[in-house]
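Below are two complexes that have subunit A in common, paired first with subunit B and then with subunit C.
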Partner chain A sequence: MSGSKKDPFFVGYLSVPEGLKLFLIATVALLLGCFAALALTIGGTQDDPGDGAFRFDWGRQTLIGILEASPYPIVHVTKGTKRIPTGSTVLLSGNGKRGVQSRTTPLDGELVEISGVAIKRGNIEMLQLRGGRNGIKKVAGSVQMPSSKLLGRWRLSGEICDGKCFTGTMRPGRRLSHKACANLCLINGAPPIFVSSAPVNGTRFFLLVNSEGEALDNKFFHHVAQFISLEGTVEKRGNLHLLKADLSSLKRVP
Partner chain B sequence: MGTVSNVLMFAEWWLYFGAAVAFYFLTVGIERIDENARGAYVFRPLLIPGVLLIWPLVLWRIAVLERNKPEGFGRYRPLRTAHGYVWLVLFFAIPAIFVTAMLLKQTWPADIPAVRLSPAEAVSQ
Partner chain C sequence: MSVKYTPVQWNANKYGYDLVLIGMVVLYILSFLNVAPMFLDHARPTDGPIVRARAFGTCAFLLLTIILCIGPLARLDARFLPLLYNRRHFGVLTSVIALSHAMFVMDWYFNFAPQSKLEGLLGANTSYGQVLGFPFEVLGLAGLICLGILAATSHDFWLNFLTPRLWKALHFLIYPAFAAVVGHIALGSLQSQDNSIFAIVVGLSTALVCGLHALAAWKERGCDKRGNADAGWIIVGDAGDIEEGRAKIIKLPNGDRVAVFRHKARLSAIANACAHQNGPLGEGRIVDGCVTCPWHGFQYRVADGRSPAPFTEMVPTYRLKLDQTTVLVDPNANEPGMFVEPTALPEHMQ
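Up next, the complex of A and B:
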């Protein structure tokens, strides 16, 4: 073995040798300082997660409205609650990372009763449905489907998010660290939301569909969580805005 | 095939090779390079997860120790020396990776306005 017999040797359960005290104090101080600086830097560079949240405090919401199953299930509310008033348009999702297309497709265009937990962020609302017929069932009556209004063709900058996490299930439910989660939600049928950096007709949130007005194909998923610009037609259906986007116009912004 | 598929396939094959190395190392190799392990079996399954991940290092160490079997502390000297270099590299690499990530991070395009390309009337439904 090399080294003098007088070399100090640290043993955890014994007193610190004189020769190592200064080194130990300096190391501990340096590490504490570095970790504090790192924590401040990481914390300070995080984005505001926004006001989106599960609204368990509202209690179970039971609404009646007309179901539009395609491209993504939405309900135009004809009989609302104090929290989600008549005239609202709500997105639908299942538990976990699942859409509800298998339950809503047979009821397309019907008057339905939906029940579940509300999720809300800004002016966008979603209902996470209860299981089976407790979550959605047809009710008697008929109501006219709300008319849609075309608002022109636009170039918007922003981010593609999954509608469930972004609306409030996850905090934060966006940006690059959330990409894999968002894609899982989208692949399983959660509605995609385009979050625009600038408002159109008073909203920054758009249900994102392809240029034909159909559900997104997988090619869009590569661009989820990046900051991009897109061109497409904006349409207002009920209280919800749709962006019919051209994938060929998609560009990554610096 | 996309980048993600390639990464997953690479990870899958890495683990297959790791499993093969773990099987060899924990049944034959460990007894050839470390006499203290002879007759001791219960701890061996605990090494499987580690070997799955660092199997190239395990193979390299088996090869080195098969060629030359230093006694006592000499067996660990190369690893302890390498540890110092790795520590030094990580000391610079981790902050460099962190700073690079911060510099490459996209910024929210708050200053880019929404641009109307055609009026509402011009769009046909």
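Up next, the complex of A and C:
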């Protein structure tokens, strides 16, 4: 110990001077108290991640439907399950951040059986396919591709998300802290979803394609996860809404 | 003070210090992960790895904030000096917590892809030309690299290997690290949540760090008396102003500081910068006949600036003279460790 009681002087390798003990105990208590309080305050005010989720609780879903491979693979279900009924339109993905384009392109327009685990958020559904032919195979029969319906031209405000994370693989799977993850999914073939702040025809979720109805080009990736507005034509294909957007109409919304 | 290197020279205060540090971290992480969810206004769970990344990330930020507050706090009030004593362990722990945050992020956001995690981290978002949407992860990575360098070179071996001057300069990396981390949070996490509590915490923490530094600098400028010259000698002040066992610090025209100590009614002057990490010797005391550094307790004999055997550290000494009761110092420093006969105070002052 060193220094007088009134003027204590701390030397690390000597015992703590009497005059400092109370001060140090109070400082330690304050630090511990602040840390606990901040943990509860920050941890207890995290945003709601939304209702998207893997539906492992539904068990494996095996569906039959007509495959539309482009611009992003989707299946219009002709024979559904209790959970995903006939008439639904589901997006497809592979395991993790992998698309299934290599398996779906040769089967475009065919009647297929798909099998995997469902991911669902609101009215948007995705099936994460099992590997190889267990996940998707052609089946006998033929059905008509459901007709599409044009719902007019709209300017919508919202955010471009990747359909895999946003639908429920990641909670939360949107906003700027998730941008790189979303881009990685999109680069690897996940379908982009435009999440509009206002509904059109009862939905806020749109499969986003370019004005020609083709897959988005990489320039769009700079705008992923930001609040933007886009103009384009809304089309309902099966049970899924598409936004055919004009990149030149894109504006940042402050 | 060391004559040989050991991983850590433990003592009771260091054990206590580390125990408090670990207690803070454990308390924070456990409260965040296990207790805080009870206060959420929604029942839908956020992914475990994301919650863990948030817990460790916010914890690392708060630890970094405290580390940066310790220096100015100790300059403003000497009672905070004990917090400075083992600050390097604080830094090492902070970099470990920050690394854990990064691992949770890498293993979640950048996992499950055909690309490697690093490729995903650096290549997925290339919007460097934007503010919103900027790849804020690279700012976090830059902060983490800085913290890693600081942690890896925190041992006294590096201090001696690099020389205190270079080591000190290197350890100023803590400031770019803090700036990078604030940018990382501001462009990432804060753009991604509706609740503004964390934004307020980050704002207050940044204001606290800046405010305390400004206050300490202002106080230091106020105290920094530049001595007047008198035929080459610099006036320190009245000998009666120097308390027994303590020093008065004076700034020389070349910017160096000298600490003039009074010990047993005699005056001696040594350089103010400790040979260890440039701690302010003049803010220390004379303990057992030696000037004792207020930061980590290195000691120097007051008359020759040498650490007592077996230690070998040395600081420069200065010549003093008295004109009546006015103390004057020769601004030309002596070789480190050179003995200078202490100047006796006039009898009426003893």
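In this section, the second predicted complex is superposed on the first by the 218 of 254 C-alpha atoms of A that agree within 3 Å, B and C clash if a C-alpha of one lies under 4 Å from a C-alpha of the other, contacts with A are read in each partner's own complex, and residues count from 1 in each chain.
Throughout what follows, a residue touches a chain if its C-beta (ideal position, glycine included) is under 8 Å from a C-beta of that chain, and two chains touch if they have at least 3 such contacts.
Nothing here was measured: the structure is a model prediction, and the numbers come from that model.
When the two structures are aligned on the shared chain, A:L30 is found in touch with neither subunit B nor subunit C. In the superposed pair of complexes, A:Q226 makes contact with subunit B and with subunit C alike. Subunit A has more of its residues touched by C than by the other of subunit B and subunit C.
When both complexes are overlaid on chain A, the residue A:T45 reaches subunit B and subunit C alike. In the overlay built on the shared chain, the residue A:P199 is in contact with subunit B alone; subunit C does not reach it. By the touch criterion stated above, A:V139 is placed in contact with neither subunit B nor subunit C. By the touch criterion defined above, A:K179 lies against subunit C but remains apart from subunit B after alignment on the C-alpha atoms of chain A.
In the superposition on chain A, A:R155 makes contact with subunit B only, while subunit C stays out of contact range.
Once the two complexes are laid over each other on the shared chain, residue contacts for A:L22 go to neither subunit B nor subunit C.
Once both structures are placed on chain A, subunit A residues 45, 47, 176, 222, 226 are touched by subunit B and, in the other complex, by subunit C.
For subunit A in complex with subunit B, the residues that touch the partner chain are 1, 45, 47, 148-158, 176, 196-200, 222, 226-227, 229, 231, 233, 253-254. For subunit A in complex with subunit C, the residues that touch the partner chain are 2-3, 8-16, 20, 23-24, 27-28, 31-32, 35-36, 38-51, 95-98, 170-172, 175-181, 183-185, 187-188, 221-226, 252.
Those residues of subunit B that touch subunit A in the shared complex are 2, 73, 102, 105-120, 122-123, 125. On the side of subunit C, the complex with subunit A involves touching residues 11-14, 20, 23-24, 27-29, 31-33, 35-42, 44-47, 50-51, 54-55, 58-59, 62, 66, 78-83, 85-86, 108-115, 120-121, 124-125, 127, 130, 132-133, 135-137, 187-189, 191-195, 197-198, 201, 284-285, 287, 292, 294, 296-297.
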